[in-house]
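Dropping the structures in below, format is structure tokens.
Shared between the two complexes below is subunit A, which has subunit B as its partner in the first and subunit C in the second.
Moving on to the complex of A and B:
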């Protein structure tokens, strides 16, 4: 076995995986507070990328102004989605909630396509294209930035969950009714988690947009995000980071060796198989709580 | 629909438990059947072959999905893959000289076998995790269908469906194809109507409501889950095969991709979980509404003198489709079938609303 190739696949996979964690973190944030599995996270990632470009293009703002503005916009979008679509579904069967997020996914995707068109738009973050050399290994600089941002967000969330608002969110995720009875506004907490998740989605949209351009394919990150979130445990942010790392390495290495054998396109297969195996072997993931209903 | 229950008294169990206890219902069904049978002669052939025929086939598929989702309460986010398996098996069978009827049934059986693989996930987890694992299996099936040349005929390939011969008669005209689709849809509908009157249907409902409660009253929930997956996959596989033979005439992997699974789910949800007439409504709604809305929007835009880009027009139906799902879940989560039932129950005792049971 060629060690350099293996190392390169593994380390680039790890970076990509940490960028998957960005998508997964959004899913985890919402699941943690309201037990809603957000299948619209991919579409929200895409919307985030488009909003940044729209602000940059529409008002001619430079990207470092446009990105904070877009984060603020998406914060409001997240609050709005929760208020309009999800709040009335609280307590309904899970199939309705899943269908609602799928409907949101279709709606957000198609609406952005209607407004901005399907052509791929580049997102110039000003990160140079020249690879970073780590001994004999080549690293993509954008992936490195993405990985750093993912870890930074993870640390931020660790700190956030120690603040007053963070503790409120943790209480909500523990027990709805108990939180209500001690005077916590559960609705506001859930709305906040949607808003935070939209902000994370925008970050993911910017970083992935700078890797592959902003277009509809950003929404396909959903499968990867879901796989990472489930592998890490649907209610564990640290799990999302570690699972992203693991899944990224596994996907990079496995598809690196499988692709020549089967003629390409084995990435999605590896991800889907990981998701299935996780659910069959350890449904609560690496760090999730064990109280998932089993048969 | 415009009839009342007045003067109808069931004096024995047989009439009370008949498929359609009200004579007016029976008359309505007969009239609908006559309309369906005479449709080829009263409708334009364009309407028949582009709208009515796919509607019938998608309805049978939606009914199959409703069996697993509405009756047995098990999530299935990979139903399109099951249809694809049936379709590809049938097309390959027919291309290799197996008589058409047998090839289609083989497609259904193959879909059943693979469907039971989906069920193994259901034996282990339920709810959200079942949904996610079936969704992942859909991706795996997609990949297998498009990447194994023996199945799809190579990447980006279309597999031409051979001509149909039903009981030795070549089926080529649009009218004949319509009758094949109608026949299959009727078979599935009658099966589903009878399902709720049989022990199997009741057992499935018991499993849906609470599987360990079902186990307590002697319903083997694992067994019935497998049966539900196998039966609904059989219906799905044959519907997929009939879809290819009567409508698409050629099979490509994209016809059975993830978004088709979601579309089928939307049909069932918009129609109403566990509602048979709802599946008809839901399939019609999801198939036809985006197109109608699109022409409406184009017409309004033209009227107002605003120019819409080709690309915008191409994506508006999808946006409408997503919005429809959202609006339905917010306004009437039990779907169109529930709306129809509300109206019917209101009219049954009209104008004596207080007499409603």
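Moving on to the complex of A and C:
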């Protein structure tokens, strides 16, 4: 067994996995603060990428201006989603809300298809293409940046959920009615969680956009995001990071050895198996909360 | 020598709500309809005097919780609507206000079944409930106050609330409501599923808060015995209407109440009581 190849597959897998964590974190963020599993996270990631390009292209702004503007725009998009699509559903059965997020996913993808078409647009972040050498291992610089951003966001959200506002969001996800009863503005809390999640989605959209360009396929990151979020436990930010690492390594190594044998395409198989097995064996994931039942 | 007759002790102990200053809460002919079709309460009028403690009694499904939710504004989450009548709180008509605005005005409802934030610690439960009272100093002071009333919560403040005992959860639910600095505290079935000594302990604390801070209390209970011990007045609801309103003393003496709600029937088997109760209603 070639140790260098294994190491390279593993470490690049880990980096890729942390970039999946970016998508997963957006899902966890919304789930942790409003108990809604958001199936539109992939589409929002893609939308984030398009918005950056639109601002950069439309106003000729350099990317370092366009990205903050896009983050702000997407923050407002998140607030808007709550106001238009979700407010009336507060307190309704979760299945209706889940279907609504699926509707949002389709809507966002269809809308961006109409506006921007299907061609792949490059996102030039100015990160060098030349690989980073770690001893004998080659690392993709963009993935390294992505991994660093993912970990930074993880620390940020860890701290955020200990603040008063963060505690309020966790309370909302526990019990809407009880939150109303103590004067929490549930609507505003949900809006904030969608806004933050949209910001995270944009970050993911930029990084993934620079890896594979911006097009409809970015929306498919939802599958990786969901797999990572479920494996980590839907309400655990730390779980999303660790599960991203694990899944990335697993996917990288497994597909690295499998692809030559089956002629490619085994990556998604690894992801699908992970998702299915997690739900069968450990539905609350690695770090998710068991639902507490009093004895 | 005194010429004018002194007011009798009974009269001073239990003044009628109308005799005191303006009530902190008054419901006037309130009607609530769920889902546009199902009529839950009709023509309910109740008053809670400033600093008073009033019980709302009645069997399961009589409309007690619905009445509370029409006051706290939580009806909307269940697609209920006040279709007639008015709810006044400290002189304001609050019918159009969102729940959090009502909390801000000073109405706090402790929900039936306690409903603590199970995945948060008791300390975080209290912090989450301080959202309407902005400043950090307010929050710290309110927390100290809650922990002073409920020392047991302080001991368990870092545990996960879902694993607290039923009594501790009820204390936490009340403490959480106190964090909003209410002027009116509404308790929905706080005795549910608790041992009698715990019910007594919790009611004692509520009465203490009522006395020491002048907090008005509206207590919804099926457990009429326990409730009538702590309140000055009671309303009895049945099938969505108020069918009786009297002082707690008078209600305890009322033979019908004794028979139906206090279990004081002479010689009746419980089964007979239930049978009798099914036939005889104040309203049919």
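By definition in this document, the second predicted complex is superposed on the first by the 291 of 295 C-alpha atoms of A that agree within 3 Å, B and C clash if a C-alpha of one lies under 4 Å from a C-alpha of the other, contacts with A are read in each partner's own complex, and residues count from 1 in each chain.
The definition used in the following text is that a contact is a pair of C-beta atoms (placed from the backbone, for glycine too) under 8 Å apart; a residue touches a chain by one contact, two chains touch by 3 or more.
All values reported here derive from a predicted model rather than from experimental measurement.
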Subunit A as common anchor, with subunit B and subunit C clashing or fitting: fit
Which superposed partner A:114 touches (first subunit B, second subunit C, both, neither): first
Partner chain in contact with A:168 - subunit B first, subunit C second, else both or neither: second
Which superposed partner A:91 touches (first subunit B, second subunit C, both, neither): second
Contacts of A:272 with subunit B and subunit C, given as first, second, both or neither: first
Subunit C versus subunit B, contacts on subunit A by residue: B
Spatial angle subunit C-subunit A-subunit B, Cα centroids [nearest 10 degrees]: 80
Which of subunit B and subunit C A:289 touches, first, second, both or neither: second
Partner chain in contact with A:182 - subunit B first, subunit C second, else both or neither: second
Smallest separation of CA atoms, subunit C relative to subunit B, angstrom: 13
Subunit A positions touched by subunit B in one structure and by subunit C in the second: 292, 294
Interfacial residue positions of subunit B with respect to subunit A in the complex: 69, 75, 120-121, 123-129, 131-133, 135-137, 139-140, 143, 147, 155, 211, 221-222, 262, 265-266, 269, 273, 309, 311-312, 315-319, 321-326, 329-330, 333
Residues on subunit A engaged by subunit B in the complex (per definition of touch): 37, 85, 88-89, 92, 94-96, 98-100, 102-111, 113-115, 117-118, 223, 226-227, 230, 262-263, 265-266, 268-269, 271-273, 275-276, 279-280, 283, 292-295
In the complex with subunit C, residue positions of subunit A that touch it: 90-91, 164, 167-168, 170-171, 174-185, 289, 292, 294
Contact set on subunit C toward subunit A in their complex: 72-74, 77-78, 98-100, 103-104, 108-111, 115-120, 124-125, 127-132, 139, 160, 162-163, 166, 176-177, 179-180
